[in-house]
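Both complexes below contain chain A, partnered by chain B and then by chain C.
Up next is the complex of A and B:
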């Protein structure tokens, strides 16, 4: 007998939306419909209040002073680190490195891991769906070390071709890096399977979780992933901060990324020894207020419930998909069986900029263009798409406004 | 800086641009071998080929074909209509005037304002003035090249 699963509590939209004053704004005379959370989500009042309270009552430099205020600031910062640890279920807070965001996390791993482990002829395997930030850092380190990039193909639906991907793995493969969720299409990759197959060959795996953490519960121990990166600003937190999770065995074996204060244990002009984890990778005064804001964002999401957030996103995505497909000549790009957070489309032969600009006239904010995934758009043979992406504050009325807006744009463009 | 929350942009998608993009003038693929000028913006993927026909220092006709946004298409359409029958020297001056007006580097002459007006709001939209001048700048560059029209005039 299967145990009865507890029904997921629906999101209290009125309460959630009241946390986001920006949603009360008007754009071009119309109430704002914000459908660009995949680029950057809006921030709840609780995140801003937490950051204010930190600056107004607890701020001093961290890990430095003997005085109480500095210790309080350090405690606030380290508590934020433990909140991140709990959020993704890392084994230890030593494995959580604060970064400026997912991009810096990938650059850190590419540079530090690459310098230590890549040799000429080694290979890095990624996918055609990657964001530029999961392509370019690897190209940079490949150029320096003589390693090569191998690109795994996808199908028309925006799903990874698993067999083809697996064929790319060999004894020269030194890193597998892949998005957990595609930013351009919303596809969820079968990461458990990918990690298991890579680990059969002792290849470490980095997951770009920037688009996953706002929508899916993530458990890095259950995934057994080697590196996981994400940004706070896509999950209701502040800009300029994010986190890198790395297995301790790797982080210990990797050289520092940036040099400076905080990351050292002893400095002489002859020889410098480096601090322990996680400080080895955190040179300079960190973004303490940002870390506190990230913790508040985690509390905001956990307060709603990650399952509730997931279900709400599914409701929005299913509704948007169905309604958009009822618009004549509208084509959705990315029909993966597992999707979250975004729907990408084109209408007839109209350029995405036209549709985006005409939606903006109606107060509807969507992203248009290549979404930092030019190789993917080239593969589809399109200049870009219109992407509507969702946050926990979006409601079905937002989708109705989007669909009406798209229909109006279609009439105008003819 | 406090922006007005009710601020409304000047409308880039006015009647002229929508009409010109729906039924563009001389929008037609020309046979291989005919002189073609590429107007391409890799950032947004707009890509047109302009087919200027220059005879004895006069632009007899311009056809164009390709893909892009309503603004770039309408702009090429206006270009094809406005420059038809113009001596190359006059066409150059009109192109220069149009581009300067869109980029807000100069106040357009009355002559240029007649056809540039619908495109003037483009500068209020980030990156969109590129759409408005795409075909004009490409043709302007081609006319500047010595062996451009010279080679193809008879």
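Up next is the complex of A and C:
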């Protein structure tokens, strides 16, 4: 029996960091401090080796070959799908669609679900905190179908105003779409509550999990979420692949997104019938090596332990918040009670570009700008922020270097 | 024009480390010939992804005069350097200017298209003004 209070094993930073040779590089003559994992994490050797091994020993086109090698490639690809299924605890591997990433997942749902179900006057409810990827695809389908976008407000801390959000739900609401974790501020939204309230009104919910899966355990069945999207490259996997989870009842009811090979059952010039799930949504030769890399990334994270990763992130975030707040004139944007992965700030009145450029000179990689959340930055009335975001390989020394770097930048900028 | 570029290269060669260099750039930002407030409009805005740059050009006694501003001080300093080289030059010289000093003083990365600070677009715009004034051939303001 394992008591729930058993302490979480701490991360073995030396072992983890040794998996990331890139962290040994110097930038502008200084040892690299990489604090931009929310944009894209670095990749452990194990992910690269898995992809190499796939190409070196198991590659052929999948699903069609009668020969052994093609069957092995197919098995590698489908095993990766089952790994994703297990990672987010989906009920069936038929509900896991490989995509190019979270952005494509949202576009797929917006386009296929929207074409099938949106009518003029219908409404899509999202939040002010959304990444452009969770705004623009809905604008495109809204334009085509006559549906409307409704935007739920947030408070100064970067938390969703639940009551205001709930007031937007009505009989015309056909989709609720929201970030699980904000990329710009790190806020964790109360998604269980949102999903329950949306489902009371039979409204499906899509969660943009791009910033959640690197830090939080996700269980799509426990959440009872309708759609969940994420990208491999933000969770130590390769670029160019991600996954869409969709409840089978929705995926079955939605028309295909792209047409091509693999997604068909029978093609004549008069009438084409489509393949079953998940292949209906995977036109063309898929990214097999990417899928294998994603599986290796899942194994990497599970090897460390998702609870350990969560706790390490909390340690980094708490330490960074405390240290940054000790810098005079530094203001943190986003003080949600529940946060993970990132801290966004401005140094006095200095432009984030200036601070970022001076940090770069000190070997510290942070993101500056609007983080693809212009409506949020406009709401705060700022051009952008400096965002430091964390991976499992970051240590407290990285935070100390960041804080010293920010202090030095502030002195130089006057 | 190249004399000015050599002068800048000499100045920057004196700096021992990146801090001195950037402190100088930040100081230069304060000397930037500022754009008249009436021109600080969207028409004069050069959209970079992060820092915004406003640029105005006029032709006086056959020479191009630039004024500008930016919301980021490092960007302002770099614009001040460009203006020091390109302002007071003949339009045709501005149009075909080879701004090699940027590379030589180790600031090339700021002009990279991936840097998205609006500087590269600004240099293009400055040269376009040169082309436009050369074609027009008389003193005037553009915009």
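Going forward, the second predicted complex is superposed on the first by the 410 of 414 C-alpha atoms of A that agree within 3 Å, B and C clash if a C-alpha of one lies under 4 Å from a C-alpha of the other, contacts with A are read in each partner's own complex, and residues count from 1 in each chain.
One rule holds in what follows: a residue touches a chain if its C-beta (ideal position, glycine included) is under 8 Å from a C-beta of that chain, and two chains touch if they have at least 3 such contacts.
Bear in mind that the values here come from a model prediction, so they are computed numbers and not experimental data.
After overlaying the two complexes on the shared chain, residue contacts for A:384 are found with chain B and with chain C alike.
Of the two partner chains placed by the overlay, neither chain B nor chain C lies in contact with A:248. In the superposition on chain A, contact of A:412 is made with both chain B and chain C. In the superposed model, A:361 lies in contact with both chain B and chain C. When both complexes are overlaid on chain A, the residue A:78 reaches neither chain B nor chain C. Overlaid on A, the two complexes show chain B and chain C touching the same residues of chain A, namely 28, 350-351, 353-354, 357-358, 361, 369-370, 383-384, 412-414. Across the interface of their complex, chain A is touched by residues 5-6, 8-9, 11-13, 18, 21-22, 44-46, 67-71, 125, 128, 131 of chain B.
Considering their complex, residues 18-19, 22-23, 26, 49-52, 71-75, 110, 116-117 of chain C touch chain A. Looking at the complex, you find that chain A touches chain C at residues 28, 350-354, 357-358, 361, 368-370, 383-384, 408, 412-414. Interface residues of chain A, counted against chain B in their complex, comprise 25-26, 28-29, 349-351, 353-354, 357-358, 361, 369-370, 377, 382-384, 412-414.
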